[in-house]
Amino acid sequence: MKITFDTQTLEINPSGDNYVASMDGQTVSVQVLRADATRGRMDLLIDGKKVTAYVSSDMAKRWVTIDGQTMMLTKTSGAKKGVRHDHAGGLIAPMPGQVRSVSVSAGDVVKKGQTLMTMEAMKMEIRIQALKDGKVKTVHAAQGQTVEREQILIEMEE
Amino acid sequence: MKITFDTQTLEINPSGDNYVASMDGQTVSVQVLRADATRGRMDLLIDGKKVTAYVSSDMAKRWVTIDGQTMMLTKTSGAKKGVRHDHAGGLIAPMPGQVRSVSVSAGDVVKKGQTLMTMEAMKMEIRIQALKDGKVKTVHAAQGQTVEREQILIEMEE
Amino acid sequence: MTSSQPFTKILIANRGEIAIRIIRACRELGIKTVAVYSTADKDSLHVQLADEAILLGDAAPKESYLNVDKLIAAATQTQADAIHPGYGFLSENASFAAAVESAGLTFIGPSADSIRAMGDKAESKIAMKKAGVPTVPGFEGLETEEEYRKAAKKIGYPVLIKASAGGGGKGMRVVNEEGELAEAIEGARREALNSFGDERLLIEKYLADAHHIEFQIFGDKHGNLVHLFERECSVQRRHQKIIEETPSPLLTPELREQMGQAAVAAAKAVNYFNAGTIEFIFDPVLSTFYFLEMNTRLQVEHPITELVTGIDLVQWQIRIAAGEKFPFTQSDFHQRGHAIECRVYAEDPSNGFLPSTGKLLQFIEPRGPGVRVDSGFVTGSDVTHFYDPLLAKLIVHAEDRSAAIQRMQIALKEFIVHGVVTNIDFMQAVLAHADFAQGKVSTRWVERSMESGNLAPVQQQSAELQNLIAAALADVVFTGSKSQSAVSNETDPFNPWKQTNNYRN
Amino acid sequence: MTSSQPFTKILIANRGEIAIRIIRACRELGIKTVAVYSTADKDSLHVQLADEAILLGDAAPKESYLNVDKLIAAATQTQADAIHPGYGFLSENASFAAAVESAGLTFIGPSADSIRAMGDKAESKIAMKKAGVPTVPGFEGLETEEEYRKAAKKIGYPVLIKASAGGGGKGMRVVNEEGELAEAIEGARREALNSFGDERLLIEKYLADAHHIEFQIFGDKHGNLVHLFERECSVQRRHQKIIEETPSPLLTPELREQMGQAAVAAAKAVNYFNAGTIEFIFDPVLSTFYFLEMNTRLQVEHPITELVTGIDLVQWQIRIAAGEKFPFTQSDFHQRGHAIECRVYAEDPSNGFLPSTGKLLQFIEPRGPGVRVDSGFVTGSDVTHFYDPLLAKLIVHAEDRSAAIQRMQIALKEFIVHGVVTNIDFMQAVLAHADFAQGKVSTRWVERSMESGNLAPVQQQSAELQNLIAAALADVVFTGSKSQSAVSNETDPFNPWKQTNNYRN
């Protein structure tokens, strides 16, 4: 099996009772010493060294912890099409939370730095401000609405 | 549904979202506040009082802990037929463990108090002694064999 | 310890780990507990653990945990005889304390008068000066710009302008030179008026590289009052504490004695009883200290004090509230060993420490000798955006500071949280830093270290490949298992993946 | 604490909770660990937690944990530089200690000579008398029945005959009057010869209502040696400890001082270093104490000493073994608060405390401030009949004895073990008993209380119906869930059930 990871590809193949993993020309042997599904815990022998990994997953993400370091892998194909994870065309939520107030409507002309919306999460308040002068195209979130991180809040005209 | 319990019978019937339980003419209302299968944990409201129960089960037993008190329920129909849980016809293992030595064979005449077998478990040694004078009918366990609690070790002639 | 029961039943006007901490204390004292909860918390741990639980209302705090009327109605309905406010929410609200007492219940905390006296920054500062407690050089009650200009000159720049009724950094401005003064006063006034409905300000010397050192105090209703030594709380981000420890690596026995006496004097000046904390600003260069404010409640970081002094603060809060006499005097207390607390927050250090929410796919707490975890979550719990981001307090106690740091580093490694991003990796980086080892971390250290890239990630070179192998094998090895059931629903489980930015990377 | 690393890698010649305790200590000291295991333990927790694990052989201890050659081979193979023996198994085996040192490794414990000197009951008693340590009135080295008769008369009946090479109650006889003497000597000799290959006996005064009070001692290789106060270990069944506590409710400061000095003298008499324990018999009526024996290793109940003194005994064992100097003197140590340990055994109090085995369907450890659990099991672990029945040590620390008892009672309530029968209910009954509250429990108390029915179960009247309702509803509520999957395979889940006898009933 193959996993594409950013620009690299990891290949893992069974080899007897064990596995062989290779990436970037580096090849290592991998043995599963034991696996406890309830705790999401695996003891692996990677290249002769014992490695304990905790792995969890939901639909779009894998969480892996090894030696206290947690890495999150996001399934790119699982992300919604059309939702760009940048600020190019609009303003996205920097955190999950609730929209506390909306100060603009579609068609409003705004100035760079103007507060368009405020969000709140975990006792913290965040202002969503215009990145440059422009005109509001669409407002995607209303007061009181719960939004996810990276959800588009406001689209600006190009 | 009905549960026969020793000589008593508990009856539990749904009543709306809740249940009604009765035993010995006593009737109580039961509400399941929440249940966490992973931990085997239930919060119940029994007769208006909150009760937290931990319940586990294997094929033949239920373990129930309420307020620090653990009760074990054995499914009598699940027990092997013919295995009597007393010392009437023979000698049974008082604990799970391993047979360390066997001193008699079928046909041997033994005296009350004579050591017929020794068992070991968890660093503890136990002697299986004749309960009365008599003759050994069958020896059911050999040296080194692992036995369960209440397993018949030696049968005596009647 | 007497075994008489101070109360029959206590309502806990809080949630999360502190509600659970209070439930445990009550249980050991033989007192029944009433939890309160919002719709968002209906299956949370504090609801499960209490003897009774009352739904207050919607998730928004003003509909639930901040609603005085509903709380008092819940206490009356369940026949509780006292209310413990925990920290946050209504714990420092004098009107709530007064309302509780008016309803014939006992408020487990100081008197409403003490709370009120310490609630206003300007008034409390005046009271402290009167009591001989050192305060930051500055002035209160000024009005005209000219008055401020003179005051600032006298104090010497940089100066700090802050709202008298303030808190949480609102209505606060650092002024580096006279040219910035007018605008700063204007801005602070506007913010203070908006946030607190009170535009009064005060001006004082700004201490840039200060440490935050606080003293726990504890008193009964019979006039006995002691301090329980200090807590060093300088590792902060956005004025919020992340790591606390005691003893402070900066204090000499002489300074500790002086500051302890000042803390006791401060508390006595407002006739304080129950648990409270005197916060000081400490200047490590001059070894001077100034009263900053008093927290008139139990503190998040109280466990480190419990560990080095050996007393149970929450149990004593309850007993003192019931009128019991505190049987110890100052000389009964000694610091033993070293304790550190790390606050595990659901927040993303690589995203400006902003909150992270979600369902906890794994929540495995570390264990072992000298390790204590005060938490309000288990695997499967939801972390919502409604309340504060504290998932757990990881607390260690060891023989000395270096042993405590080692213990904490191991414990953080063993703390597994999947489902929300946490600051665990970030705290590892802080603990591994030379500045922390040397006790040199001031309150602005985190901010400056993040800016300068001075906080090196604690990471192994081989981690990346190992992580990927583990992620891939988990799909094979755990297939069909309950905790991984989502995986088997995917038609294309392996391709492609992207490593989400994290603090480490 | 210096941060130099005493060893690079340690092999732990043990299993279960103590192996895990040692792994944790090593981890905090930056030392790699090697676990060893038998086939029965291949997935047990100590194997999972160590950096490396070596299979020794079959489940039988002599093929695995008692096999000196295999252990030393495993240490050599993994390039470990020291071996920690834990307790039990080879920990008090002088030949093992010698073999470890001969192999060029460090034995983490006392010298083989010290172990040997304390291993023989008669010889150690002679050595103790010489060192001025009080011993039970009696005689060693007698041969003829006539000599024993004279000795017994001089001592006064009842007397105790015991094997010189003995331990664990083997080769031991209580003699109440002269008529029983001859047979007792004969029987004890035969048992001693069979068990230890050594028929030598000793005779001494039998103390019927004595307490078992032991002193922790700790010394380095440079001649520094201190005691770390006492542990009261009188709650026993079959000569096995169940509940231990410190301080002892019986000792006055003067007695503590005297016994501590005697313990130090006893250890110094055999040039002792590392951790050890001097066991005393204490007569509460006369307030006299006598040396009983020395345990030349870490004790199961060491955590309660760690909690009241604030030091980490296992870490110090390792550092001392590496030659480090113990930096403390006697006056540095003080007892703070009160600690209790309850040993959770897989054994059935209603079946003569005989072992219980099986798979752990649930193993939920209690938590909270002041609660420590040292355990070697998790849900899903198998409890086999091969090794000792200790599932976990539940340890609490609180301000004073009554608070510690309350904390332990709550913690025991929260300890959920399903799948094997445990002594948890039984320990609840002991803790709730007036004799325990008054510190009146002698070593024969459990036995006598069980006989007289004096140990009342801690049970609620309504428990039975509640239990049945919960059992029945679990089948409905959890149906289809993984942890209860066995249920859904049953065609007849409800009918009929029988309550298995338990201690409570």
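When the chains are written out, they are named A, B, C and D in that same order, and each has its own residue count from 1.
The rule we apply is simple: contacts are C-beta pairs under 8 Å (C-beta built on N, C-alpha and C of every residue); 3 or more make two chains touch, one makes a residue touch a chain.
Bear in mind the structure is a predicted one, so any value in this text is a computation, not a measurement.
Asker: Show which chains lie in contact with chain A and also with chain B.
Answerer: Touches both chain A and chain B: C, D.
Asker: Out of A-C and B-C, which chain pair has the most contact pairs?
Answerer: A-C
Asker: Measuring centre to centre with CA averages, how many angstrom lie between chain B and chain D?
Answerer: Centres of chain B and chain D (C-alpha means) sit 29 Å apart.
Asker: How far is the middle of chain A from the middle of chain D, if each middle is the mean of its Cα atoms, in Å?
Answerer: Distance between chain centres, rounded to whole Å: 51 Å.
Asker: Could you say which residues in chain D touch two or more other chains, in rising order?
Answerer: Where chain D meets two or more other chains at a single residue, that happens at 481-482.
Asker: I need the residues of chain B touching at least two other chains; which ones are they?
Answerer: Residue numbers touching two or more other chains: 38-39.
Asker: What residues of chain D sit close enough to touch chain C in their complex?
Answerer: For chain D paired with chain C, touching residues are 1, 3, 21, 24, 27-30, 303, 306, 310-312, 315, 336-337, 367-370, 372-374, 398-400, 402-403, 406-407, 410, 481-482.
Asker: Chain C touches which residues of chain A in the complex?
Answerer: 1-6, 10, 12, 19, 21, 23, 26, 28, 30, 32, 35, 37-40, 42, 44, 46, 51, 53-59, 61-77, 94-98, 120-124, 126, 146, 149
Asker: Per the contact definition, I'd like the list of chain C residues that touch chain B in the complex.
Answerer: 43, 48, 51-53, 378-380
Asker: Per the contact definition, I'd like the list of chain C residues that touch chain A in the complex.
Answerer: Listed in rising order, the residues are 346-347, 351-352, 354-359, 361-362, 364, 385-389, 412-419, 421-422, 424-425, 428, 458-460, 463-475, 477-478, 481-484, 486-487, 489-490, 492, 494-500, 502, 504.
Asker: Going by the contact rule set out above, which residues of chain B touch chain C in the complex?
Answerer: Going through chain B, the ones touching chain C are 34, 36, 38-39, 43, 50, 52.
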